[in-house]
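Common to both upcoming complexes is chain A, partnered first by chain B, then by chain C.
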Partner chain A sequence: MKKEGRGLKKRPELSEKEREKKSRMFGRKKDGQTSGDGIRKKNAKSRRASTAFLAPSIFGVLLFFVVPFFVVIYYSVVDNPIQHNFVFLNNFINVFNNAAFRQAASNTMKFSVIAVPLAVVLSLGLAMLLDSKIPFKSQFRTFFLTPMMVPIASIVLIWQVLFHYNGMVNDITALFGTDKIDWLKSEHAQVVIIVLFLWKNLGYNMILFMSALGSIPKDILEVAVLESAKPRQIFFHIKIRYLSSTILFVTIMSLINSFKVFREIYLLTDDYPYNTVYMMQHFMNNTFGNLDYQKLSAAAIMMSVVMVIIIGILFLTENHFGKDVEG
Partner chain B sequence: MMHGRTRPVGMEMSESAYKRMIDRKKRITKVRRAIATLIAASCAVLFLMPIVLTITNSFMSASEISSNYGQVFATSDTGGKTYISEKVNLKFIPDMVSFSQYITVLFKSPDYLFKFWNSVILVVPIVGFQLLVALLASYGFTRYRGRIKEMIFFIYIILMLMPYQVTLVPNYLVSSWLHILDTRWAIWLPGIFSPFAVYLLTKYMRRIPVSVMEAAQIDGAGEWQIFRHICMPLCKGCMCSVAILIFIDYWNMVEQPLILLSDDSMHPLSVFLSKIKKGEIGLAFAVATIYMVPTLLVFLYGEDYLVEGITYQGGIKG
Partner chain C sequence: MQKNRILKNGILKNGILIKSRQKKRSKRLCVSIAAAALLLLGGCGGPDGEQAGTAGKEQEDYVYVAEYQSLDDICDTVATTVLGNDGNVYFTGIRDKEDVFFAMKIGEDDAKEVPLGLEKGMHVSAMGKDTEGNLLLGLIRYEGDPESGGTLKNVAIQKISPEGEKLEFVDTGNAFLKKDSSSFYISDLLQDKEGNYYICSGKDICVLRSDGSIYFEIPIGQYVNDMFAMKDGSVVVAYYGNTGWSLEVVDFAQKSLKPLESSIVFDYGTYLGGTETDLLYTQNAILYTCNLGDEKPTALLNWMDSDINSSNLQDFTILPDGRIAAVTIDYSAGAEMELSVLTKKNRSEVPEKQILTYASLYVPYYTENDIVAFNKQSDKYRIEVKEYGDDTMDYADRMSLLNTDLTSGNGPDIIDLSYCPLSLSELVDAGVVEDLTPYLEADDTLKREDMVENVMRAYEQDGGLYGIMSCFGIESIIGKVSDVGDQTTWSIEDMMALVDSKGKDVEIIEYMDKSYMLTLLCMMNQNLFIDKEAGTCDFTSGEFAKMLEFANRFPKEVDYNANGPSEIEKIRNGQLVLISRIITSVSLYQMYEYEFGEPVNFIGYPTFEGSGLLLSSNGTTVAMHAGSKNKDGVWEFIRFNLSEKRQENLPTANGGFPILKSALDKELAEAMEDEYYEDEDGNQKLTSKATWSTGDFSVEVYAATQEQVDRIREMIDTAQPNARADQKISEIINEEAQAYFDGQKSMEDVAALVQNRVQTYLSETK
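Moving on, here comes the complex of A and B:
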């Protein structure tokens, strides 16, 4: 009904002849085709027009991300950019045998394995805290969110002061009788970075969890209370189930952000950090310095493969656990 | 009436005993609430402390800073002139409020303002044009969804999830092909075409009922008109959210300029700040504060937009 109306309205001036021509063009019979092809043509036209909206973005994404990514794949399997001898996995093996790469990869992995679960659990805790009945909720939300807004570069100064050998953190730990630690120049550097990472990212994750907690149907929770379920049972059997897709998302985002932690380390410690915080991005930066395309490409490809695998696994896990609550 | 239902079945209890139980429960919830508030408050203190400290410290005079923190930033030769205390004296409130840091930064050494301007000039075009490109693209993704479009959108999501270590290599290659390496274009262009905003806006736009757009189409509106007069006004809130998210992301950037801009004079303040400490720590806090002022202002103005924006991001399948 709607469609016919539209066709009639838009093309009242179409003469019989033209219409015939059009229907011939579309290879259809003459009768029963009063307005159909008009609509179809208009639809096709607006479909094309709507695709044109995509053009700038697709052009840019192709140019800056997709096409060069294939070139990167190509670079990763040839021996150098001039001779283009096919060496298949040699570059990967070289990179993998590189001590710096191994150090960077294991450090990055260690960092993510510790920091990401912490980020998920603690931010869920904060969200639950703000979900319970406490005063000044919106103020607390603002406070927890502020670190996300502040550029890291502005904050590293005070961080250096706090974690200095003679700094405040050591003064506090001294109260408990522990020895002084040179935080930034020992293996404890990783702790400092994890704290900074959590400080920066918890607010963001918390917001995600808060909105997810808010979207759990109230009646289910009420029924659970009436059935005298314990808070712990409600949490594990209802809330976690409904949060599963958010937990997935928070995990992915935290993982990505944990790869970005180079920024914090670079600003805190400059180009030459302590060994335990020598991250993937340091390796890449140094390799950029030498413009070793083969190494770079192979490392980038390995990273992306690992990323895709991790994200795939997370998706599958979420599908497995969360399927019974998704409508 | 209501309490009767929660009374444990099969347990006989006198009315007074029952009342006592209820009272105890109430007390427990009160205590619990107090504890929760306390935890939240102490978390808030921890979260805010570094920011507040940076700001208060920016009102110290340069000599006070170097006597307090000289040790932290000392290079091997400190020169015996100023007194540097053994301890690092972290002070919440300066002995004497002075604006000397700000006066030096703003009027005497133009280097910092210049770097600040660098940051502005790198970030503002990215925010504006990424938003524009993304608006157009997300309209394209919203109208006439088909299998091909869904596939392209999926590629966008994957790209969005890739860490810098992966995307910077392609960006670098293209920049060197186009001979825009070491110019601002090398930062601008990949930023403008970043798929992040497209993802967010598309997710939002797809929530607009199709019938709204169809109605406009029936009334004779072309695609551009639907986009301009239906979609854009409806997406205003989301556009603010996305703009804020892009802004804080790029205001904070370090990796891209380090790799794509070898010329130090074009570096944004974020990179420059890490090099400040060698000479002029007396100024560093003021510069750091100045650097976070724009983001804090944006936050004050648009906290709700920010929260909304983050919320849209959640649920990647949506």
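Moving on, here comes the complex of A and C:
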């Protein structure tokens, strides 16, 4: 006696004819001999071909990502690359207690907390503006995209001309009788860098938002208008929900770019800048130059852990807000 | 069948055949991609890679093995040498106070001797060749002490056959007597096919007819490194001119020099005419041969591989049997003249040694000397130099190459500290360098107490000894006692008072600008502002402001005026008050005393506390790589450089004070001994120990006084290590100070900025 549990279905008996049909479909021969070996051979060959195609990529990923990642972990738990004495968490403790690391982490966090939301909100606002019926839309779009096409060296040069102690901004403010400000070597330095970051990234983010706005189903928006929904309600209850995945993407990209702003700062202010613009990558770049690989590795791991947590939170947020949106 | 065929074709629904075709396509595609990838990969290596491999293999297959023979064993003093194309070496020397000509078959121990029977007072200044294989002796005769000048009385050329038979004697009469009689000498001599003689006397070329009368003269204005005849007989002069290295041929029609036409770029080196090719020359330790029409020269060997220091080369030639002969003078072994014969051998025939790698961004001649000497005497170890990058590479790239090697498992064994871009503390903190204390303690012959303690401390950190300099100099500011007083140290206020006491048109320190002065002051006084242990700094105190204010009194930029008055003229006219110099010998100390013309004080740089004298590494200074697999070999090299024989010969080899106390004592004691020469009548007469010349100024130095030697000892004992200077901090200070120097920011603002940035740096490195 067989028990039929809930949710379990009894397997139906097959008739002779159906068995024959099925065996033909799955390669079983008429005389009762199976052709499973042939299929397995073909599957094996198929797997080998796939493996052959994938091998270079897998090898590349292993060589350039996975192995270095483990090397970094290894370096973070030894005293130095020559002696290789295991010190467990000492490097992490040293790094955590290092005043420069704390300064860099604090500056980077402060910069990201200010610059990333600004980059998302302002680019979304610009996208909304260009999505509405305004004149010179195309020209505005081009204007905001221009910084993407300018080489980094030119950007730095422009910013130096503007914000140098003897630069244009000070010349202009001098017309109003104000004292000169050393923009890049004072408390104002982070403001300059945030402006530079926004100027460089708004255009790209804006294009992404414009594309996402264009893909919101028109019928839903029309229904909302017919139901007398106010523009604010349409924005928060429909558009934001449809834009959630794009917001997540733009936020992650902006976050990554905010870590990469080191390049501009380095070119503007060298490897030991004014302390308010001393970033995590300054710390890492300088420790690499000083051959302090263990400090560098520990800092890199701590930073990656924080990044993983932040991105995880962003994914959870996106899942929460965008779960009832189609597609 | 039809059904089967249809099924087999599987028109859309039966996947079997379609799959089969897809698989075949996939296979073809896979094979094609793999083939393309292989071709691409092959293309990456390409013919160049193959060539390089072959060349590398070829290089690995053979090596030139040198056999050495000291020419000093044959006679008392070797004066001049010439390598003949006939497989003989010819040289002149003194035996039993008589000038003798020697002809020796290369490879044999015995030389044929022919007394030259020179006129009294005549000596051989140079040796050359004519086009027929005969030898030319350039003879000069002085009256009086030749060491201290004397008066030039005669210049002549003696032609002799390879067997020593006198063929011709050409007296130049008064041709050269109009020259500066105290400094005339012949550096090169040869004769062309037409019988004209060419005499090079330092900065001038003089062409003489076969009877000794002057045909024409070519003033060069620069010291001529080499004068030689090429295969076609044309005479070429090699020198470093105003526009760089020049090879110029003597133009008979214009009675001048004209550039040698070749697509090959020649650079500083030793140049000779070849027998099979136009030129045979050494550049960057590599021996090349080439014809002028060649696109690039052919490299024959690297002298370092055969344990020959290319800086010591006097003459070299390719012998008819393919061997290469070279004559060298090794100053690190008491100016020993040596004949080396290099034979090409399979590498397998050469006894294997453990290889030690010497890493540096640049290898100075004295280090090359030390390495060659070590390699020659060691049966167990061999040092190979790894120079990181060349002049065409960016400094950061070269530094990056070195850093990568230092931290990798295959790093070098020996690290040159003189030219290492990383500071000692960076190397120690990164665990790259080994503490030498256990090696020194375990050594049977070398003891720490045998070394000058102050110099040993230069490369100490946290109780460990990480480097040793084999010899050193003392950097100091020098001034008249009447200006700086007779105390051993002085403060910035003292120096500012001196500056204030002088007129505005008076130069305080020659070629000293604001930046350099600030760098020096920061280096001397950085302990006042920086606590590296705690990772803190304080630049906001008044002392830093004082330094800024003081440095601001110097010019922003200094132009070198080649046509202006000389240094000694400026000092003696009161236009220049102080000079900054490195003292590397007693005679140099005496020379600077003489330069000022009145009692002087080697007072050092102004400081807030302690001595202002700086220790400066002046010889091979190395550290042991912590990851070296041949640490005993590295220590062997260090102790070789610190051995008594090497240390006692340092003054001539490197020009610095030895770190070994006994060698230093010996050098200082010898400096106080008078030197004598024997005049024509056999009487002992006092002579100078050294002659220093710069421009028109020349000074002969005699035995030092006890007082002078005592002051040098005191300077050595109190000088501070230079290695403590932190490059990055100096850079930050100088960068920020520019705004103050330009009058754009106040001292307080600059100090606050320096404080901010240096604090970040210190926090990071803690």
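The criterion applied here is as follows: the second predicted complex is superposed on the first by the 256 of 327 C-alpha atoms of A that agree within 3 Å, B and C clash if a C-alpha of one lies under 4 Å from a C-alpha of the other, contacts with A are read in each partner's own complex, and residues count from 1 in each chain.
As a convention for this text, a residue touches a chain if its C-beta (ideal position, glycine included) is under 8 Å from a C-beta of that chain, and two chains touch if they have at least 3 such contacts.
Predicted model, so just to flag it, every value in this text is computed and none were measured.
Colleague: For A:260 in the superposed arrangement: first (chain B), second (chain C), both or neither?
Modeller: Touch status of A:260: first partner only.
Colleague: Examine A:58 and indicate which partner it touches, taking first as chain B and second as chain C; both and neither are also allowed.
Modeller: Only chain B; A:58 stays clear of chain C.
Colleague: Touch check for A:106: first (chain B), second (chain C), both, or neither?
Modeller: Neither partner.
Colleague: Is A:286 touching anything from chain B or chain C once the two structures are fitted on A? First, second, both or neither.
Modeller: Second partner only.
Colleague: Quick one: is A:299 in contact with chain B, with chain C, with both, or with neither? Answer first, second, both or neither.
Modeller: first
Colleague: Would you sort A:275 into first (chain B), second (chain C), both or neither based on which partner it touches?
Modeller: second
Colleague: Just checking: does A:98 make contact with chain B only, chain C only, both, or neither of them? Give me first, second, both or neither.
Modeller: Second partner only.
Colleague: Have a look at where A:133 lands relative to chain B and chain C in the superposition and call it first, second, both or neither.
Modeller: Once the two structures are laid over each other on A, A:133 reaches chain B alone.
Colleague: Mind telling me which of the two, chain B or chain C, contacts the most residues of chain A?
Modeller: Answer, by number of touched residues of chain A: B.
Colleague: Is A:49 contacted by the first partner chain B, the second partner chain C, both or neither?
Modeller: It touches chain B and chain C both.
Colleague: Could you pull out which residues of chain A sit against chain B in one structure and against chain C in the other?
Modeller: Dual-contact residues (chain A): 46, 49, 52-53, 56, 166, 270.
Colleague: Along chain A, where are the residues that touch chain B in the complex?
Modeller: Touch list, chain A to chain B: 2, 5-6, 9-10, 46-47, 49-58, 60-61, 63-69, 71-72, 126, 129-130, 132-136, 139-162, 164, 166-168, 199, 202-204, 207-208, 211-212, 226, 228, 245-246, 248-249, 252-253, 256, 259-260, 262-263, 266-267, 270, 280-281, 284-285, 288, 296-297, 299-300, 303-304, 307-308, 311.
Colleague: Using the touch definition from the top, list the residues of chain C that touch chain A in their complex.
Modeller: 19, 23, 26-27, 30, 33-34, 37, 403, 406-408, 411, 422, 426-427, 429-432, 535, 625-627, 728, 732, 735, 739, 744-745, 753, 756-761, 763-766
Colleague: So in the complex, the part of chain B that touches chain A is made up of which residues?
Modeller: Residues of chain B touching chain A: 5-6, 8, 33, 36-37, 39-41, 43-44, 46-48, 50-51, 53-54, 57, 69, 71-73, 86-88, 90, 133-134, 136-137, 139-141, 143-144, 149, 152, 155-156, 158-159, 161-174, 189-190, 192-193, 195, 198, 214, 217-218, 220, 222-224, 227, 248, 251-252, 254-255, 258-259, 269-271, 273-274, 277, 284-285, 288-289, 291-292, 295-296, 298-299, 303, 306-307, 310-311, 313-317.
Colleague: Note which residues of chain A are touching chain C in the complex, please.
Modeller: 42, 45-46, 49, 52-53, 56, 79-83, 98-101, 103, 165-166, 182, 185, 270, 272-275, 278, 283, 286-287, 289-293
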